[in-house]
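My questions will all concern the structure given below.
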Amino acid sequence: MFIEKFDPLKDDMIQILDPSGKIVDTANMPALSEAKMIKMYQTMRESRIIDEKTLQYQRQGRMLTYAPNLGQEATQVGSASALRQTDWVAPSFRELGVWLTKGAPLDKIFLYWFGNEEGMKMSEDIRILPVSVPIASQLQHATGLAYAAKYRKLDDVAVGYVGDGGTSQGDFHEALNFAAVNALPNVFIIQNNQFAISTRRALQTKAPNLAAKALAYGMPGVIVDGNDIFAVYAVVSEAVERARRGEGPTLIECYTYRMGAHTTSDDPTVYREEMEVDPWRGKDPIDRMYKYLVAEGLWSEEQEDAFVRETADRVKQTFETVEKSGFTPLEDIFDYVYAERTPILEAQYQSRKAFYEKEGK
Amino acid sequence: MLVLNLIEALTNALDVSMAADSSIIVYGEDVGFEGGVFRATKGLQAKYGVDRCFDSILAESSIVGSGIGMAINGLKPVVEIQFSGFVFPAINQIVTHAARMRNRSRGLYTVPMVIRMPYGGGVRALEHHSESLEAIFAHTAGLKVVIPSTPYDAKGLMMAAINDPDPVIFMEPKRIYRAFKQEVPEGIYEIPIGKAKIVKPGDDLTVVAWGSMLRDVQKAVEILEKEGHSIELIDLRTISPIDRETIITSVQKTGRFAVVHEAARSFGPGAELISIVNEGAFLHLEAPPTRITSVDTIVPLPKGEHHYVPSVEGIVAELRAVLTF
Amino acid sequence: MLVLNLIEALTNALDVSMAADSSIIVYGEDVGFEGGVFRATKGLQAKYGVDRCFDSILAESSIVGSGIGMAINGLKPVVEIQFSGFVFPAINQIVTHAARMRNRSRGLYTVPMVIRMPYGGGVRALEHHSESLEAIFAHTAGLKVVIPSTPYDAKGLMMAAINDPDPVIFMEPKRIYRAFKQEVPEGIYEIPIGKAKIVKPGDDLTVVAWGSMLRDVQKAVEILEKEGHSIELIDLRTISPIDRETIITSVQKTGRFAVVHEAARSFGPGAELISIVNEGAFLHLEAPPTRITSVDTIVPLPKGEHHYVPSVEGIVAELRAVLTF
Amino acid sequence: MFIEKFDPLKDDMIQILDPSGKIVDTANMPALSEAKMIKMYQTMRESRIIDEKTLQYQRQGRMLTYAPNLGQEATQVGSASALRQTDWVAPSFRELGVWLTKGAPLDKIFLYWFGNEEGMKMSEDIRILPVSVPIASQLQHATGLAYAAKYRKLDDVAVGYVGDGGTSQGDFHEALNFAAVNALPNVFIIQNNQFAISTRRALQTKAPNLAAKALAYGMPGVIVDGNDIFAVYAVVSEAVERARRGEGPTLIECYTYRMGAHTTSDDPTVYREEMEVDPWRGKDPIDRMYKYLVAEGLWSEEQEDAFVRETADRVKQTFETVEKSGFTPLEDIFDYVYAERTPILEAQYQSRKAFYEKEGK
């Protein structure tokens, strides 16, 4: 449909649902059940609520550094919705929508951002690697996951997420190249949210767009409106099916915008004007799908209000439980360095423990 | 005199140096327009132009590797690695080139550059934002490794690093970036690289520390001195080349030695100091030279970080054990 | 029993392991078709197919990074870094991911992989072909670091590394790849990681060495024993987790200690051993624990290499000084 | 001429001088003086003689590991001949022809391969960085050299050489990207000699050719017959002039073949058949130019014989002097770690020296 015929050097962008909520490309509109559409919408909305509430908790001093995905919900939920449960994800650190779509429990997600590694101990069937902070490094893992799937004759696909800034790292290059050389079942998704912290996309590369980088690897590269959940879903689905059929990897640039701060430690007013952000408000991925669903009679204001209320309550309760979780137990920092504590770790554990006991802690 | 905190002192060092020497170029991720995530380079792009202070691409190997080329071709790059935990993509350039270009070309090409990086924990940050990697750099021939612990030293050491003819790894204790202010001269001055500082003299025990641990050790020393012990506290300032003489002279006097650091224990910087003490003051030792360090785990996320790093009470307890051995 | 040299023992270990376990995948630069530049993987592609033994792209970060993904998804990658001096492009993957995945996911995902690399000098090679980097890896929590010194150990340690649930840095002393042969069992056996070996017992001095230095130390020990000294020689075998107990027990008996290594001196592996001895046997020490090491220069090209690394005569002289202190 | 209109996705290759020594593209034949042509020819020939003699010395146990550039002479001499003396080169380790063209003295080159760093202490005006072994890392230095030249308002260009294998490294990606983003005066030359030790070009990337990788950086990419010295010279000249004019970097793939072993430690019969090498003998870059020069009356068999004899003699004498150079003095390994010996290095030097004196060495 899209992938084989897309020429990234032409700098086009695939769009199905326009900002006013209209389907502008009916031919390519994916065949989604009503239930799935509603689920996708609800996940985006849930993600937005979580982001907003977490930012609020952070301002209240109740949360540590947090990286919201405001504005990128369609990219994340749309792409993850195209995956099967056994497909793998190698995420970066800004993929709340992906975690939610794949069914990661919110208490775990909160616990992680609350500064406890236990939060990344999901159930195995989530199949998302833990948050990866060193930019672009996780794409290399995606290739290994895919190699193993292929070698083990499982038809699972491995998806790697990276930012626009991340395309500058050497690891981006090596991972895509390795995947292409070995025709691995990978899909690489660039969340081009136009910024790497304060650094603009134009400062990262002179390439006309990020999808064009696929040409360096003999891989198809596609640009999709990252705020259009149907387009993201359609393109990623096709890439995933190609990968599953053994036709190799695809690079997908989701063109979107980071509506919020980089993280709660960042102050975007230092480097960008409100004026610049404004036009993107009109392209909001959630509003867009809302309009569509309401027009189709699949969703209503009442349902919306109820869903928002319930979700907000649930998020609040979940956070409040996590907030009470306290400190990491001493054992935890020693028990996962290796499968077994080494003698030196055992000795250090005993020494710290004895000290705490003596100090009455 | 200015009154500045540590990061302001660094900004001032860069500013004063750039004003005096147009070959100094400052760059790194987010370093240009916004002045760096910690604002160490705040105002420099506006003042010196985008050619002299700019946002690099998001690629540490490029940051250091291009700096090597600039340094060879007459510039003085001062580059920023956003957090020391992100220096690994650049390590190939640092270890196999920056550190070796002079030797490889027998002095024909040299790499006078400064590689700045905030290091250490205690700021409740995400993974990879709290590393203390001085031992790795100090084990590498051809690099100098500097860690200031006060605003005054930060400026003086930075100016010395900029004027140094060799590559300097400049590790900044981010926990104390804004912890306190100090009088700092307005103009140019240097604190020599390779010289430790006796923060306070003492007779019963020599304690060496650096960077953000220094203040914790100072607190511990105060507590113990109130108990009647006399402690010589040394701020190492330069990890490599290390000031053996100051340490050995001190231990020959006190007969007891401890080093306190935030880096992981095993194969860490403390081991080198203990070896130096053995080599230079063995017959003077009245107690085993001791290292008081973080544990050998991965640096924990914020909710577990206090288990990792030595606490003031922990330092007091361990120093007391050395004093009473 | 087979009679094999060290590299043949490694090839045999890989072969026997691959035959028994189809999840083992072997790759790296030139590892597939030609069997590696040292022929460590010779014959494996022909025997097990190109999916299980292949030529990687020329990119060390990809080699290790993809291995991490494979390990998480059920395979057992055994990857080769062509020379340890070329591991730096992969260090980010090793330190920030392989070493941390278990901890980061609290045991949900683990990285049971082996990263092989020939290390050390003495083969008259080009720049970057002679590095000894064990201290850097050993300073990193989450990694195990193994160095065999004989064919028998090489096979047994490799099998243990392959079966280890955690990432193992397997450093191969390339100077003695083909230096001598030894009887090696045909089948499966393991030498436990984390246990040093007492090569020969003795009373007057404990000497620790590993890898290719071991044979030089053995020669030095023989010379000194002819002079009437009794020396306990320990092959460390595993650099991390280090076998403190064996070392401390020995020094408590002998009262004297020396460590010999090829790695650079300052902030090197010897410093850790000296610290361990101080921590565990201080009151038994009759002489300063001593490190006999390469110097703190860049590893020289072949015409200067002999200045760098300890010689047998140099080792004898330094050990004699410890014995007669 | 070539650069702007070349589309690497079409997989063409620029050729001016064909294997039979005929000019097949007169329009683009560079305007070279006779003297310069003869100089270029002689440098290729000299390079070949040095390679052959060095291999012979190595087999006799008189030389250490050596990386010959057999077959790649036109790529190296042709490209370096397009540079001005003040232009910079960041070489890899297989650029004998480049060193010779820029006037590096052979005794220094031999001394380096003979295991003595002193060999890389050229006079400053050679402007070639020392041999760089870590693959592709040197391209990053080329960008810095270029940045400094541009900043200092010097119109020097910096050329980086890399192999086909080297295009897989992250550093390749980062360097090209940085150069393009900053429109630096760089030329990147891929010596595609079809092998990275034993690993074939096809295993390094699925890209149709290596020049296509330029598209990832918004940079022009050109493929040139690397065994055709006129084509290499013409294309590199154009790229250098573009760079000098401030029009930014160019990627040039020189399509050639490694006729010999990777290094003297390598045995290519393990991984390639003679049959495969044979067709390339007919494309020899030196024969090709020889035929052209003879046909044009610019060179003769007699001149050839005399040149070969004299050069061989000179090479022999140079090597024999270097051979007598003995070991590196102890001071040398301590004196270039830093500008000044640190106290610990001084102590270590004194200790080694005292030991040698005691041992009577």
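Should a chain be cited, it is by its letter among A, B, C and D, assigned in written order, with residues numbered from 1 in that chain.
Keep in mind that, in the parts below, contacts are C-beta pairs under 8 Å (C-beta built on N, C-alpha and C of every residue); 3 or more make two chains touch, one makes a residue touch a chain.
Quantities reported herein were computed from a predicted structural model and do not represent experimental measurements.
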Compute the centre of every chain as the mean of its C-alpha atoms, then state which one is farthest from the centre of subunit B. D
For the interfaces C-D and A-C, which has the higher count of C-beta pairs in contact? A-C
CA centre of subunit C versus CA centre of subunit D: separation in Å? 36
Inter-centroid spacing, subunit D versus subunit A (mean Cα positions, whole Å): 44
Taking each chain's centre as its mean C-alpha position, how far apart are subunit B and subunit D in Å? 40
What residues in subunit C touch two or more of the other chains? 57, 59, 61-62, 85, 88-89, 92, 96, 103-104, 127-128, 141-142, 242, 266, 296-298
Residue numbers in subunit A touching 2 or more other chains? 117, 131, 133-134, 168-171, 174, 177, 181, 203-205, 332, 336-337, 344-345
In the complex, subunit C residues that touch subunit D: 29-30, 33-35, 37, 55, 57-59, 61-62, 85-86, 88-89, 124-129, 265-266, 295-298, 300-308, 313-314, 317
For the complex, which residues does subunit A have touching subunit C? 88, 90, 117-118, 120-122, 124, 129-134, 137, 139-149, 151-152, 158, 170-171, 174-175, 177-178, 181, 332, 335-339, 342-345
Write out the stretch or stretches of subunit C touching subunit A in their complex. 25, 51, 56-57, 59, 61-62, 64-75, 77, 89, 92-93, 96-97, 101-110, 141-142, 144, 165-166, 194, 241-242, 244-245
In the complex, the residues of subunit A that touch subunit D are 9, 168-174, 177, 180-181, 183, 203-208, 212-213, 215-219, 248
So in the complex, which bits of subunit D are touching subunit C? 64-65, 93, 112, 114-117, 131, 133-135, 165-166, 168-171, 196-199, 203-205, 265-266, 270-271, 325-328, 330, 332-334, 336-337, 344-345, 348-349, 352, 355, 358-359
